[in-house]
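The same chain A turns up in both complexes below, where it pairs with chain B and then with chain C.
On to the complex of A and B.
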């Protein structure tokens, strides 16, 4: 984002704060009516999770769309199998107040909508936005509605990722948002290595951090692409440092450092991972690698999309990343050079303690309901419907999730809570079926994925990326190992952003990333880290730590 | 009178300006080259100023993409409608304001009133609420009416009108011409350079603005071209990709498609510019300096 845009956003946010304050007073009449209405709601605290409204009720939403959507012939965002289902089976007529493309555009439009106080009945928000809405008294307490209307399967799915997803939307003991749950474990990092280069240079597979450093050095200096030119880099790094592709999270985890998350210290208190002494060692190692020419000299200005050109053109063979990097950008490397082979390895450690991959909450948005809505439980019913039609007993996966010839049909449902372990489970059922020779009995997502893996085994190179994830030595094999050994290092703080966090977090993050980048570039000495720790605490970190620990005590 | 120093200066000037213009042209050429290259060459960063593995596939893709043409249509609608309204209001405002205060009493007040809007802005949210309450959201008028009076252009035109010799309209007046006749028969024909300039300004403004389209339109079908293009070129935030978005990952590297759309997006302005450019310098200098 350019500087101008950033300034603009700050102004926008400032305005939105003022405006939510103003609109509060102007709509207080409505709000009062609303609380009376929600009194009515308590009459129907228990109900049929999939009961149909008669007559059909109207529910307003806003939504995002993305470029990659491919719907079946005749379907549109406003008229499709999901909206038909909600209308015909549940009696809920979904109406969109506006639609915007996913990303920046959606966020901007959303900010304006929130600021103008004219929100739809059901709204999908981030924790920060939820907090704003709660402070402005615009959304209602959903605790009872959830208890009364959620189907058993829905509860099972929503609680499968621990209490984190609910903690984040609980303010003063009231549940204000239903988690649009998504996988946390899928965010763990791995080491992706180009194995045909390993073989060429006679290097072992990475077992320790030392091996990784050696691989990086060899890939940078021993001309792995044999073109006689010194044009390869060791470790790929993006300017944003924490990306899912070529981020550094996995590298730090190898040094038992956990940047950006809250971890428990020996005394049982929560501390911020980025300021722990373990970070220093890892930063020093990166600084040495940079000095040695193993990291792209220009990494400080290259976003992920630009860094991705290196592996694609065969100039890089090592990065830390999530399970999907074989689909992008590594698939482009395979397209260009069919002899290129990549493999994911578990994170490695500097000592004899195992490296623990850190994960944050995969759920990034929550469904809130505007005060005064007649049928707030409609959203819970839609949750029930979505889970039931995709993973329940009456599931019609081929109709609702991924119909043949379409892509992203499941996204046409406004709420999209997905079982957090579904990808791992798909992998496990594929492997089991392959071992038992029962692949023809696979159903649902596992079948779709298996067909892709199979078509790669039959020679389709464009499906290579899928085979690297779900194949016999695919990433999810390692994911299972992570899970079985209980290695995940979870972010212990899942609450709504605290007061100081809302004010200072962005500044502190920027400070952190600047200092880390400077240290890696060598323009700041490693001792700058100590100064950063002091600055971090002084600039609000100390206060945030207090607030976070206050929250931690409150949920125990 | 070409001294040696003058000669050196001229040479230096030429070289400097040529470099400067190359600097402006290179990105465009690069985008053009990308749009004609194969997608794998583009994602590997092999394309510089000449297409690698020449192909027309991006243009075929864009040609079949309904959203692109739909938003192109919206943009044309906006430019024509908005351009006309801008032109009319600018001329009709500039003429009375170019009179003396004696002839037109509220002149000073109106001039200040207009000037204020150039400095102060209500802010995004009030602006949004006003347009929403006027029921303009999601219509083409939301893109056209809030920009109906381009104040800067009005000021340019006032200044141009004021430097035309007063004797002419006095003479016309004596011959029995009213204000309408003077405006259409004398002022307009005499002001072609500046009119071309302000028309160009307002066309470019309407063609290029994307933010209002984004905020004021409620569905992507109604986006003008630039808002649509913005959605195409913005880089996805890679730290936020969830496991459920795996299918969309394969689309990230479509830089050739982006380039083709960007290039087609600037084509109309590229075509219009040369025709209006000859008036451009003259118009803005005369209008601006003799205030």
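On to the complex of A and C.
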């Protein structure tokens, strides 16, 4: 027996040595290659934004595909209008090193790719991954390339959401990633109310926080569904507290409290919203509502999908949420009960100051370029092409973005920077066209959306959710109001997580959500909030605040 | 009668290779536990070595002790009941003489084993609900106040253990039933001759006959002392019950994976493996000492 074991361990040892040997040689080889290349690349500082490469160059990428994708016949992920466009018009031949289904599989392959050091020439990454690549000295400074090659329209699109998207990818004053820009304002919250219940109970539309509290109480206690049972809830809340549907962000904003984001205090320093005194008052109000039976006794264990069953089955008529909740879950309510009517209202406040909806950066990924690539500016040209062909003067929206009969064709382009205000703009052009009677001249996204709104007006109840968003009194009307009055409260911190954040953020978040949940449930007194603020600072919050302010200074 | 053992070794080979590739190969990753690991640099790249910093970091987190205690508490209960319940059920089923009934019970209790916790999570939230759940309705019939199984810190561990046993006891039962079938019938006949009734037969023939199997499964399950069941807890817990339900694995998931602190996650994984290894060794020794039983 013992001899067998010895042999076994010897084999094991030999095996692991072989493994170590292999990996060692391959990584060091790569590193050498990289450093050799990076020296002799010179980049023209100015160039034609849409100029064609001749001969055609090759550019490597990796990508994810999702199941909702439906391409036109004859098209594949590796052969479609976008890749044809890039090759034929720009002279860039897109090659995928690998393709994986979106989600865990893609993330795992991505992690392996990052760990192996063998990254594609152009790579789409999160701030954390970008920081890792920069630390490993594997990606290049894109500041000059962006300045020199981005078309005016591209610049307009990329800067339309403030400086946040660029701040997030700027490390030590150098721009390492181009924002795959996406909307921030679409994350603002609204008050969604079932208006047929309001009428039934003779309640006014919400104008102040007081009205909201009254509506919640009435919806919980005055049997709005007239079934003689006490089975409705006032305010819908999920266990995760901050969801886009039935989260509490909008509620807190009504009290001028801004949980989870960094805001500027009077002295111009950044402070964490969750520990400001305004939070306390809002928490107290929620505690009272829970005690009074207006919030589901079991909300603490229910994820969004579970909470969504309440409005769908006509047991709830009030929540705070983003612009899309009429599509889900409210549409299911409408499907089952055609008399159900919902409407979004702007956030209201406790005093005479307007409530300011908080938003975080909508851009979640950035394009980085591997060090040593011959034509790093190719990615900027592709940005130009994508923006031009979808929203520019030569746009062919229904060929490149949403061809009829296909779903998600736009995703076939590796970079997909979308104008951050595009949904709002679609709404505005639809309303304008309706007012002027020129709806037949609508193009692109606006046309697609308008057709859906129209079909609801013609009686198609399954399109009700779209009408609630883009219709005459749709939610984007409020979004315009938010924007015109400049009400958005933006998260001022957009950098990669700081050192202490990486270490302590999860603990602090857990502490916060645990304390807030307990306070709402009434199992902790409201004075616990003061202890939470102290604990938060002591457990790393103080240090994080310092680092965040250090970052803030560095980008100014 | 001497047969060459060559073919036998050959048959073992695929298994050995699998273990080498999938169990021993990844062990190289243990290195990460001692590094400030940056994925982009690779495992053997230019990482910063930090000694035991990752371990120190975890120990200094404010919730570590609570999490460790929860894990031990839940896992111990699961091990104890996971051992006892299948034995009792197997013995009871063995006494059932009606073959069809016996088989159908066996199949029915085995079925939940095939459901995943994601599915069961949704179902349990419904059936354990204090206001509409069927369990609380039944409790209400006998005059018991509704219990918030998933939201109360007193009941949450109980719910975890209960639902885990319910899901898995059918599987354990099958092993014990198989062991019972292996007991020599002559022993029962001899016991009958000596005037033993069914209860005495169980006590003096069946249980001693099962001793080896019980010791084996007991020893193996001790290795799980720090595995309180990630799938299950992750799908059932909420902020409300972190106090009693947050376990090492969910904790590491949040601080290690969500925050991309792979070094920390590996450190905790290594810690778990070392503890399990020690426990398995100790219990192996104890089993040898007191039950005179050797697995190897």
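Just so we're on the same page, the second predicted complex is superposed on the first by the 509 of 556 C-alpha atoms of A that agree within 3 Å, B and C clash if a C-alpha of one lies under 4 Å from a C-alpha of the other, contacts with A are read in each partner's own complex, and residues count from 1 in each chain.
In this text, a contact is a pair of C-beta atoms (placed from the backbone, for glycine too) under 8 Å apart; a residue touches a chain by one contact, two chains touch by 3 or more.
Just so it is clear, the model here is predicted, and its values are computed rather than measured.
After overlaying the two complexes on the shared chain, residue contacts for A:409 are found with neither chain B nor chain C.
When both complexes are overlaid on chain A, the residue A:439 reaches neither chain B nor chain C.
Of the two partner chains placed around the shared chain by superposition, chain C is the only one that A:539 touches, whereas chain B remains out of contact. Judged by the touch definition given at the top, the superposed model places A:182 against chain B, while chain C stays out of reach. Taking chain A as the reference, the larger set of touched residues comes from B, when chain B and chain C are compared. Touch criterion met: A:138 reaches chain C, while chain B stays clear of it. When the two structures are aligned on the shared chain, A:502 is found in touch with chain C, with no touch to chain B. Of the two partner chains placed by the overlay, chain B and chain C both lie in contact with A:115. Comparing the two complexes, residues 11-12, 15-16, 19, 115-116, 306 of chain A contact chain B in one case and chain C in the other. Considering their complex, residues 1, 11-12, 15-16, 19-20, 23-24, 27, 31, 111, 114-117, 119, 128-129, 132-133, 135-136, 138, 239, 241, 297-298, 300-302, 306, 497, 502-503, 505-507, 510-511, 513-514, 517-518, 521, 539 of chain A touch chain C. Chain B contributes residues 40, 43-46, 123-125, 128-129, 132, 138, 214-215, 218-220, 227, 230-232, 234-244, 246-253 to its touches with chain A in the complex.
By the touch rule above, chain A contacts chain B in their complex via residues 11-12, 15-16, 19, 65-68, 96-101, 103-105, 108-109, 112, 115-116, 118, 182-183, 186-187, 238, 240, 242-245, 247, 303-306, 308-310, 312-314, 322-324, 327-329, 331-332, 335-336, 362, 364, 407-408, 410, 416, 418, 423, 465. Here chain C touches chain A in the complex through residues 20, 24-25, 27-28, 38-45, 57, 61-63, 122, 125, 129-131, 148, 150-151, 238-243, 254-255, 258-261, 296, going by the rule given at the top.
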